[in-house]
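Order as written gives the chain letters A, B, C and D; numbering starts at 1 within each chain.
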Amino acid sequence: MPHDVHELTERTRAFVDEHVLPADDEHDGDVEAAGGDDLRRRLQALAREAGLLSPHAPTDLGGLGLGMVDRAPVFEAAGRSLFGPMALNINAPDEGNIHLLAHVASSDQRERYLRPLVAGEHRSAFAMTEPAPGAGSDPGRLTTRAVRTDGGWLVDGHKTFITGADGAGFLIVMARTSGEVGDNDGATMFLVPSDRDGVHLVRHVGTVDRSMIGGHCELALTRVFVPDEDVLGGVDEGFRYAQVRLGPARMTHVMRWTGAAARAHEEAVRYAAARPAFGSTLAEQGMAQQLIADNEIDLAATRALLMDACRALDAGSRASAETSIAKTFAAEALDRVADRAQQLCGGSGVSRDLPVAKIARELRPFRIYDGPSEVHRWSIARRAVRRLGTS
Amino acid sequence: MPHDVHELTERTRAFVDEHVLPADDEHDGDVEAAGGDDLRRRLQALAREAGLLSPHAPTDLGGLGLGMVDRAPVFEAAGRSLFGPMALNINAPDEGNIHLLAHVASSDQRERYLRPLVAGEHRSAFAMTEPAPGAGSDPGRLTTRAVRTDGGWLVDGHKTFITGADGAGFLIVMARTSGEVGDNDGATMFLVPSDRDGVHLVRHVGTVDRSMIGGHCELALTRVFVPDEDVLGGVDEGFRYAQVRLGPARMTHVMRWTGAAARAHEEAVRYAAARPAFGSTLAEQGMAQQLIADNEIDLAATRALLMDACRALDAGSRASAETSIAKTFAAEALDRVADRAQQLCGGSGVSRDLPVAKIARELRPFRIYDGPSEVHRWSIARRAVRRLGTS
Amino acid sequence: MPHDVHELTERTRAFVDEHVLPADDEHDGDVEAAGGDDLRRRLQALAREAGLLSPHAPTDLGGLGLGMVDRAPVFEAAGRSLFGPMALNINAPDEGNIHLLAHVASSDQRERYLRPLVAGEHRSAFAMTEPAPGAGSDPGRLTTRAVRTDGGWLVDGHKTFITGADGAGFLIVMARTSGEVGDNDGATMFLVPSDRDGVHLVRHVGTVDRSMIGGHCELALTRVFVPDEDVLGGVDEGFRYAQVRLGPARMTHVMRWTGAAARAHEEAVRYAAARPAFGSTLAEQGMAQQLIADNEIDLAATRALLMDACRALDAGSRASAETSIAKTFAAEALDRVADRAQQLCGGSGVSRDLPVAKIARELRPFRIYDGPSEVHRWSIARRAVRRLGTS
Amino acid sequence: MPHDVHELTERTRAFVDEHVLPADDEHDGDVEAAGGDDLRRRLQALAREAGLLSPHAPTDLGGLGLGMVDRAPVFEAAGRSLFGPMALNINAPDEGNIHLLAHVASSDQRERYLRPLVAGEHRSAFAMTEPAPGAGSDPGRLTTRAVRTDGGWLVDGHKTFITGADGAGFLIVMARTSGEVGDNDGATMFLVPSDRDGVHLVRHVGTVDRSMIGGHCELALTRVFVPDEDVLGGVDEGFRYAQVRLGPARMTHVMRWTGAAARAHEEAVRYAAARPAFGSTLAEQGMAQQLIADNEIDLAATRALLMDACRALDAGSRASAETSIAKTFAAEALDRVADRAQQLCGGSGVSRDLPVAKIARELRPFRIYDGPSEVHRWSIARRAVRRLGTS
């Protein structure tokens, strides 16, 4: 780790410990997930002051311009609190949207959408997933349609699991502009202010995780007008842009969740080291040592796979294979880490006395979000067969 | 399964489907866990009418007098709803307390405490566990003390994780009447109405599970007077009675949780059978079939180990080895079942759209409650070494 | 366990300890697997003398007539030595063939084939499996054909993984007498003395396991004549008879392998109890206790599932679901048991110093033989979907 | 990977495919493990000719001077054949001994012992491990003693699991020169020609793995004279030197075994891609895809952890934590890879028809050799507690 990244990581960690963790517990389970935008604005103001806001954003927009490798330790340090990524403006989906817009937005869009997003003035959402049998693990099932109208497009469709949609300033909506359902091209991305006519928040899906500001929402889009200047990039180029966003977004998820799981592990080790047991401490018992060691191993392997993928991304590769493997391993390994942390802490591991149970609850869906492990395994296996099967 | 148990099981299942499951979802996450006593009274009245209330209680008190083997399918059918055991009055800790009182209570105690408990007129709690380093995995660490006073005893101590304590009619309090902390004898059980002076509910521990009526509570006992007629059984016999309660209580937990996990599995199989995927259904995909098959195997093995232990208990054995193995396996296997069910259901498996996520949340603590898996493994291993190690 | 089965089990165990285990080590790795027929005849003579030969065979043929439930502990006791089942004449495939012939053979066949088989005068093989893409996990792929000729049939085909074929007195050959490859009927069973013209032993497959007398062989059948009196049961009834054989044969495999795994576990526990470590013994270390406890749990669950299936078989059910679940669980659990036993024994667990490594090596293929776990899971899942998927 | 390492890796792979793999199968199970020194000399001559011999050795001795990071892909390519490391002279223990001698040997020892070792003129062994309760997982239990005599030392002791001892040109013997059994210092390394009086090969331990030339041997050392010029490095510095050898030796084991496991995986993928199943190929079945994907993930995580540790070693760190985690993960992950490969190949996976079963057999002991996983977990946990437990 270069010196300045190390220093930035340390400062991030200290900032999270001092300012963010205290807000973490008190807001758990709020009706308005993750404390709401008031808390977000308060924490982001502190992060701005500390020079920590939007470290991944382009420097000309006020970010620190960190590449993927350099993001990893910083994002992990932020992820130790469930609200840390929100405080630093590196939360999903904003973080991925910043990445996407930085690559694709026109200079005008850059000013209207990206700059205020980097500054924390509004939030965003990425509206791709649809209720079954629409776009999901297979994006080509995209059914939302945009048709030409005077000076722009009219979008109709139904979206679900749209993270952060409630309260977002704008949505990036993926809609089909050509081809048929099942085609792997013909999609376009549209920038849509959330208060535009025809955008309707149907409901919060009501997931077990509750730390994402704006929740995971179901949206109905009814004849939503999008002027030509709000088409993001080229018409029919949406699937290609989604790939640009995909790999890095997978990996920053891993970074953040590694931080959360590492914190659960730390809490559990501290608990075990302090807890008397059988004339010594719990941490001296063999079965507890096994839980602790397995957590260390899972965290180390997660980070090692993550860094491999980040190096590939920084080198300009799409790194689909590397990010798919790293995501799949990480989602399962971090879930195990949190589960073992719970087990180590006994009753305190399944109650509010420690943050461990909460972290476990938040982590579980990561084995499903961003592609269920089974879908990743399917594509990993197919790659292996293509590479090895005919030699 | 004998015919009448089969029929009773079917009726229980139908009753739960018709009357209990509808209440299940709507009360999740209530401040007052498990819907509260109003709901309990309403459901128990329906169960009484259906002839299903307290099937394990002695027949002279209005129960059906089911042994352990016969309880298994009935309790499992009830457990399919998180509120089913409450509706049938076979919930922990009442179920175990009924079992205990039927064996130990005087005829006077039988009328004052047991009969109304069987009838659902009040609830009870079993106050043994204490905050560390008190009684827990090692009951001999019991620190709550009872000292002689005129006509009875004065009890002082601190209890935690006391299930159902909030709103219970009475507590069975385990207190040390002789010996020192660390001794494996010298404990006595006391029957204590919850409104007795000196009984103070400190807090709900705030566990992740929320389906136990009366929650899991921390209690302070300060100079609580217990008259001699409310000593349960003999003085200094408490640890022996706790053993009477222990094995069956472990197994009825397994029965109920098997029902919950089986329901999660059923929901997941139905979901997978209905969900289109890759030109067929999700249930036709190999990785989904593996999840389904592993659930079938885990459920079958859980039931097989459970029935082995129940046969041993019905034959009069204490069955410590069998119940320890069955509990440890079941707690882990049922947790896996619920986790796989979540994975099968994708986004719906981590949201309120299906009951699967809720069941998974409720099941997790069972690997810690009633003895963490690690403590059970420790005793299982020691038994194996005694049996095999020197031959 | 009824008294006499308990006593028979104890006698079997003592017999194996005294007479069979000494032969076990010295013959490992012989070119002629499992010591050969000289050793077999010597051990079977001792077993006959001890009244232990062929305990599962019909009483009128000199067996003890044990049902499935009663076989379980006896076969497990025999299985503690890799040669124990051979010594008692309850080895695969003879044991299953005795079971099959007792159900299907004509009285003449009974005298010519079954009686000497029960008496240990010759061995047998069951020739169903064929090289891919022939009969295997899918028996309907049967390609070996029998066509009518004067006074009998001419059989042509290719078989592989035919256990015990080298040195067998006769084969039970499954051949297609009607229908096409892929049909699930149209097969007939033929009794074929091994020295019949046209029966050719191509090779020993060379599997990692080496304790099955007669090995696992590949056979070529070229215009093998079978007279009508050697058709086993009815023409075109072969698949139905194979089902008769299947369930019990699966379960007796489990019985025998449970014995082998239990012995590995016992050896490991004894090793750990005697081995000094960290001021105590290895068996007192937490991670070792976890290995020991997990073995106890896996063995208990294997036996519990096995007994469930045996009760169903004794009650007259085909028990396809129960035997499939029990076989799948057992094959994986017993493999884990042997692996943990190896780990507990350190260097001695991967050398000839203890029988543990040898048992692990013999057990591994059981996850593939008699249907790979994946094929069983496929059928288990399909049953679950049929049962639950549409309700 | 820098270009020349990539090219060297490709050449190594081609060399192994052409020259070494053909010898691999035919020598399996030889009494003289690994084909013996005639085969070694033949293969090493070919490697010398190809410029591939001893790539890790110092350039002034004719090696290529590869650091740890650069060794990884080359050693993995060699490890694809069980005899590949022998052919390239990068087998344990010679490889580690070359590393050790290059750091510690005097210039005279360098000429007499190291140069011919690099050239493949003789082999070596590292004699540290002793029968229990001597030096093993706890090196401080060292009981072999060296006492001063005229012009040198007399060594007495008992060693076991000494890899390659049979036929080795010389041994590096670890003996206690001061302190008591249990002390973590006071050891010295001695260079001992194998034909020196008093060196006695007691037996081959008879492990399940059979690909290490010279086997794993038990040695008796009786008044073995070592002249002063054959003391390796300083007196009483042996434990420190052992640490120098330890980390790199752990990692080169991982490199070689990764190659073996990767080959088993490749064979299995090819088998699955070619095998018809259910109207498609086995490789298209979901459960097979899961096995394939899990292998890809385990291999990727193994390599990622390995490279992390190698970077740390190349940077001059002792990297005890990194190498311990990487070794523990790798030993278990590679064992899983080989096991899944076996399962994918069905009957061919447990026979000699494919090299998969053989590779699985060779890999199993790696979870025990070089520190059993349990001992590594113990030290990993203790490190975690020291780092986290008191903060």
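Just so we're on the same page, a contact is a pair of C-beta atoms (placed from the backbone, for glycine too) under 8 Å apart; a residue touches a chain by one contact, two chains touch by 3 or more.
Because the structure is a prediction, the values reported are computed rather than measured.
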| item | value |
| --- | --- |
| Intersection of the contact lists for chain C and chain D | A, B |
| Numbering shared by both copies at the chain B-chain A contact, with half separating same from different | same |
| Most widely separated chain from chain A, with each centre as the mean of CA atoms | C |
| Distance from chain B to chain A - Cα centre to Cα centre, in angstrom | 38 |
| Length of the line joining the C-alpha centres of chain B and chain D, rounded to whole Å | 52 |
| Per-residue multi-chain contacts in chain A, two or more chains | 285-290, 374, 377-378 |
| Residue numbers on chain A that touch chain D, as the complex places them | 265-266, 269-270, 272-274, 283, 286, 288-290, 292-297, 300-301, 304-305, 307-308, 322, 325, 328-329, 374, 376-378, 380-385, 388-391 |
| Sites on chain B touched by chain A in the complex | 132-133, 136, 160-161, 205-209, 216, 275-276, 285, 287-288, 342-343, 346-347, 349-353, 357, 360-361, 364-365, 367-369, 372-374, 377-378 |
| Contacting residues of chain C [partner chain A, same complex] | 285-290 |
